[in-house]
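As written, the chain order gives the labels A, B, C and D, with residue 1 at the start of each chain.
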Amino acid sequence: MKAIVVEPPTRGVTVKDININISTLANDEVLIKTIATGICGTDRGIVSGLLKFSRPPVGKKELILGHEGLGQVIELGSEVKGLRKGDYVVPIVRRGCGKCSNCLVGRQDFCETGEFVEAGIRGLDGFMREYFIDKERYLVKIPDEIRDIAVLLEPLSNVVKAYNELMFCQRRMIWWCNDGSYNCRNVAIIGSGPIGNLFAMIFISQGFNVYILNKRDPSPTESFIAEKIGATFINTLKGLTLTKLDLIVDTSGHPMAFIPLINKLNKNGAVILFGTTGEEYATLTADLVTFLVENNILIFGSVNASKEDFENGVNFLSIWKSRFQTVLNKMITKVVKPDESESILTKKPAGEIKTIISWV
Amino acid sequence: MKAIVVEPPTRGVTVKDININISTLANDEVLIKTIATGICGTDRGIVSGLLKFSRPPVGKKELILGHEGLGQVIELGSEVKGLRKGDYVVPIVRRGCGKCSNCLVGRQDFCETGEFVEAGIRGLDGFMREYFIDKERYLVKIPDEIRDIAVLLEPLSNVVKAYNELMFCQRRMIWWCNDGSYNCRNVAIIGSGPIGNLFAMIFISQGFNVYILNKRDPSPTESFIAEKIGATFINTLKGLTLTKLDLIVDTSGHPMAFIPLINKLNKNGAVILFGTTGEEYATLTADLVTFLVENNILIFGSVNASKEDFENGVNFLSIWKSRFQTVLNKMITKVVKPDESESILTKKPAGEIKTIISWV
Amino acid sequence: MKAIVVEPPTRGVTVKDININISTLANDEVLIKTIATGICGTDRGIVSGLLKFSRPPVGKKELILGHEGLGQVIELGSEVKGLRKGDYVVPIVRRGCGKCSNCLVGRQDFCETGEFVEAGIRGLDGFMREYFIDKERYLVKIPDEIRDIAVLLEPLSNVVKAYNELMFCQRRMIWWCNDGSYNCRNVAIIGSGPIGNLFAMIFISQGFNVYILNKRDPSPTESFIAEKIGATFINTLKGLTLTKLDLIVDTSGHPMAFIPLINKLNKNGAVILFGTTGEEYATLTADLVTFLVENNILIFGSVNASKEDFENGVNFLSIWKSRFQTVLNKMITKVVKPDESESILTKKPAGEIKTIISWV
Amino acid sequence: MKAIVVEPPTRGVTVKDININISTLANDEVLIKTIATGICGTDRGIVSGLLKFSRPPVGKKELILGHEGLGQVIELGSEVKGLRKGDYVVPIVRRGCGKCSNCLVGRQDFCETGEFVEAGIRGLDGFMREYFIDKERYLVKIPDEIRDIAVLLEPLSNVVKAYNELMFCQRRMIWWCNDGSYNCRNVAIIGSGPIGNLFAMIFISQGFNVYILNKRDPSPTESFIAEKIGATFINTLKGLTLTKLDLIVDTSGHPMAFIPLINKLNKNGAVILFGTTGEEYATLTADLVTFLVENNILIFGSVNASKEDFENGVNFLSIWKSRFQTVLNKMITKVVKPDESESILTKKPAGEIKTIISWV
């Protein structure tokens, strides 16, 4: 079958025919025809050879790329009970180490040993191929109403995990407003890519006031999205009039980005750090650390997601589909065929929010 | 204007014209035209004179009935910022005592003093009238996609509160399944009224397996709902083959109902008690109490909801609207005009899931 | 060596010489000389043949009794790092099933499969013998200052677990008083045995007001304890003037005991159920269930404890030793030699709070 | 009476006679004779004029210094119920704004408005004087066994708050070890002053392995304390062989201190930031932020404490008094009279852990 293959840590990517046996299924396995795969910075990092932790499966030289998958069930193992032929599914990415407490109980997103594998990233082949076999326990069923946008579920799952962690930790004190809602809380999201927009939607859906920040004016699509979901897009080069923030979410990929905003945080405020790829650095002063202390500020990094986060992500997609109509579709700014994917995996197209590869 | 009026604790209900000044608004107030009001057991309990805690506003003899409201914004006070003319809104029911810690921070659903008032129930006029004025802080904005079913939000809010409390308390241990989801957990919901069905939908949306129990076969509408949402309806008179439950939700109104199911609970299982009106009694044996102890069983009663629960309820309605299409509409089994409401408030119509009064 | 042996479910107990090889230790094992073992209702239930779940180790007919142990380290396996010869240790009782999520992460007190074993109770020999071998992971080190009372640690661990679970669940709302303490909260503890007194001390140490209830006047020792720790002993036969409770802890062993107190609970109040052995029954009325619902009441049963609970128990013993001096020693109302233990295991002596067997 | 007085933001401190009326008490007030007051970096920061947020009570020019107090009850207002003449008490420091949700419910340590006052620091006279009057709700009763070390309660309360917040947030995943304890977790505490040592004791009491770090060899007193409590003192200038940390607590007062240790953190690890006074700065690189993200690292600043934290601090002092005997007394490295306090408030004496002023 056709597949998109890399050889980390070597730079480069190839679309080629590979030979994978899909004729036999274990009892708990499912054969899935790939419908679509999303492309994100991690994929391009692997292709560019810069993402140091990427590696092929043990004993192999090649890694099939792709961790943002969407497929359709073709065949079922004899003990698979929760899925039927024709169902759409999204596979989770990380598979636990089988050793640490968190992995043993299905929370491999908090794996402690680091001995997990991640499909399309490290130690496990990914979903950029025509078919793949996976265990039922790693598959999330997609309801019909969101089939067209379910390729966004994997990036969304990471956003859901970070959101849930925030809300759990903030119960350290009373964070809701005095009417029992979150309507008084202001969130600044740095970055207007797919992750930034998904964070924006999740916080808006929970009643927060959301500001999306970037160092430029919004593209027409970004303007459309912000207006439709009820967020405010701010070009920070034109000045930042926000004075009272309760939460900063840094999705920008630049470690300097959140630092200048921190002193705008209200007491008990929080910062979510979500992925960085830059080579920049920032200065941390005594005054800033004192500010964190004096104001009970919480900062945490968040990576990956549990199956529960994927399932909650399904629910969020349904909400947004019916509430914001085409917004999620508009986030898919480009669709390419596998044979066109090399260039798209090498260079981010202008105006991209999310590019996907269609396999059907 | 036309209003539905009771004189608790006296039996009876009247539809009549009342004189309420709606010409002036305080800065934080909103004038609302009533669109629809739902009828529940509490309303009928007040009308029958059996609900002892119902009372009119201080200094009055009459109480305007109605706590399940849906209305449209007609006029805004000068400081109202989050609403516009034409918006649909649902008012929250309980207004805090202004004294206890929970009320002071917007969690009047956990009021400790009992000195709260509840619209249409105790101490505050309700929404069964053509217009009402309310403060913005008590109003929940309804997105367009669920206008036709938003009259279900108030009952749903109570379900959301109970659900959130359950999930919070169950973090006392590891309750998710070994794949990180709740797919291995079985919920038995006793009762197939509106509350039972809303509980069913919320647990199904979070990945639980749901069984709806009643002492009879389902009506065609109940069959339709159960099948559409993916729940199993069980007529317990024909035998209960369920052997492993993780949660019992008793919405039946009969205190005996949950008792015989308790010993089917898995270790660490839970029971949610939600409203009773019966006059029955059950026997609690030493063996049953020992079972609770030996198995770390959690039981809690739940009443009312916070504004956050209403806002989460809005999200659930959007999910279900797009996922289950007409299911929520089918739950509205009858729509009457205010002038027809006396009979419907006195006697539950056959096959009722939810009856509503349309004011437009 | 000398050991106290039962043959569940057969009635009876024997003190006799048994042959156990203690000459070789695995790398993670410790040889322990028994110092003291406590006797509780569970032991007498096994001896009387009434405790149905007691069973010997697989393939054996006899079970060595004893789950409340205290011993001194004699020999160490080669990989034992946290203990030295001469250290005092208390073994934990339950050993996990090795299958369910809770057991896999060291929380066997929440075992879901029920396939755990418990030393001296089911499937594993207990500590009523001169020496025993155990793995380091099951041993809790005892600091010097509480050696004389550390035999109380095992019963205390169960109290700590229930306390921690209560405090976790009560964060569902704001339960502390408006000065940020628990000084406004009233706890009624039913039963004045060792468990009742340990609950009293734990709640007093956290600032609660504590009432110890029994259906008789206190013994001189009970009066001494209550006065010394700052609790109030109430003979409920003389009338119960308490009107506002926030928590009921039922340690009485009678399922009827907590029922008449429930309607004295404040809103958001809780009930901890802790062990019952009676054959009685109580009536649960619709009014009572409605009370649970209308007031957000939480009820839970609690059994067993984690290693963390044992370690927190060590800290509580240190607090109480220095704050209440001889109170904990006074709780040990009788000390017998192994040869005298048959009668004491068959019949509870008058005035007993805790009887222990001294092995040295 | 004699008092120690400052005029923030002016540099300097004076011991002088002031005229305060202590002849009348409101019903909820208590007259207290000061026994001892502790001196900390905040006091010296005020005296040096560097602590910018210090200010006198509204309408006054002078501020009585002192927030670490210990006193004895002399007279009681008519409605004071929880205290008696002769009782030892420690006053809490911060008094809430009376407006925000956290202050309204007794959690002024999470005040959101910043309009709180703090005794001896900002807007409220402190305890460095012979007598003071305070409301019962702000007083924590001291049991007899810790009278001699209770002057340490105020600094300890801040440590307890940070500890409780950490343990709450870390329930975001499974952080206990696979035996259910914290025996596998390593804590590095930067700084060996009073706060560092109190953090060390609290984590050791909960089963953690504790390392106390400084850039020099320990003083004889520091060696004594570390050995007695079971911590390891590490001179980081001689190299840091620690490779696996689960928690870093930075009490050093230097913002650079924790940065080089972060990459030694295990996945899911945490950093507690606790006070800084330096003027230094550190560099935050993209790699470090990526490390936070990839490993789910949590960082939070913590300030102040609730009354519950003070009450738990009382319990910890009792544990440590009986377990570590003279360790806490040894932490009081110097006792001076009020008349000698000017020099001690201006310059930190060599070898100081905690200096106190004795008022009796």
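Here are a few things to note about the model shown:
Going forward, a contact is a pair of C-beta atoms (placed from the backbone, for glycine too) under 8 Å apart; a residue touches a chain by one contact, two chains touch by 3 or more.
Chain by chain, the UniProt names read as follows: A, B, C, D = Glucose 1-dehydrogenase.
The shown structure was predicted, so the numbers you read here are calculated from the model rather than taken from an experiment.
Seen from the C-alpha centroid of chain D (Glucose 1-dehydrogenase), the farthest chain centroid is that of B.
A count of contacting C-beta pairs for A-D and for A-C identifies A-D as the more extensively joined pair. Centre-to-centre spacing of chain A (Glucose 1-dehydrogenase) and chain B (Glucose 1-dehydrogenase) amounts to 35 Å, using the average Cα coordinate of each chain.
Between chain A (Glucose 1-dehydrogenase) and chain D (Glucose 1-dehydrogenase), the centres computed from C-alpha atoms are 41 Å apart.
Remark: chain A (Glucose 1-dehydrogenase) and chain C (Glucose 1-dehydrogenase) have CA centroids separated by 47 Å (rounded to whole angstrom). For chain B (Glucose 1-dehydrogenase), residues touching at least two other chains, in rising order: 101, 104-107, 171, 174, 176-178. Per the touch definition, chain A (Glucose 1-dehydrogenase) reaches chain C (Glucose 1-dehydrogenase) in the complex via residues 101, 104-106, 171, 174. Residues 101-102, 105, 107, 109-112, 114, 165, 168-169, 171-174, 176-178, 254-255, 259, 266-268, 273-286, 288-303 of chain A (Glucose 1-dehydrogenase) are the ones that touch chain D (Glucose 1-dehydrogenase) when the two sit in their complex. Listed in rising order, the residues of chain B (Glucose 1-dehydrogenase) touching chain A (Glucose 1-dehydrogenase) in the complex are 82, 104-108, 137-138, 143-145, 174, 176-183, 205-207, 306-308, 311-312, 315, 318-319, 321-323.
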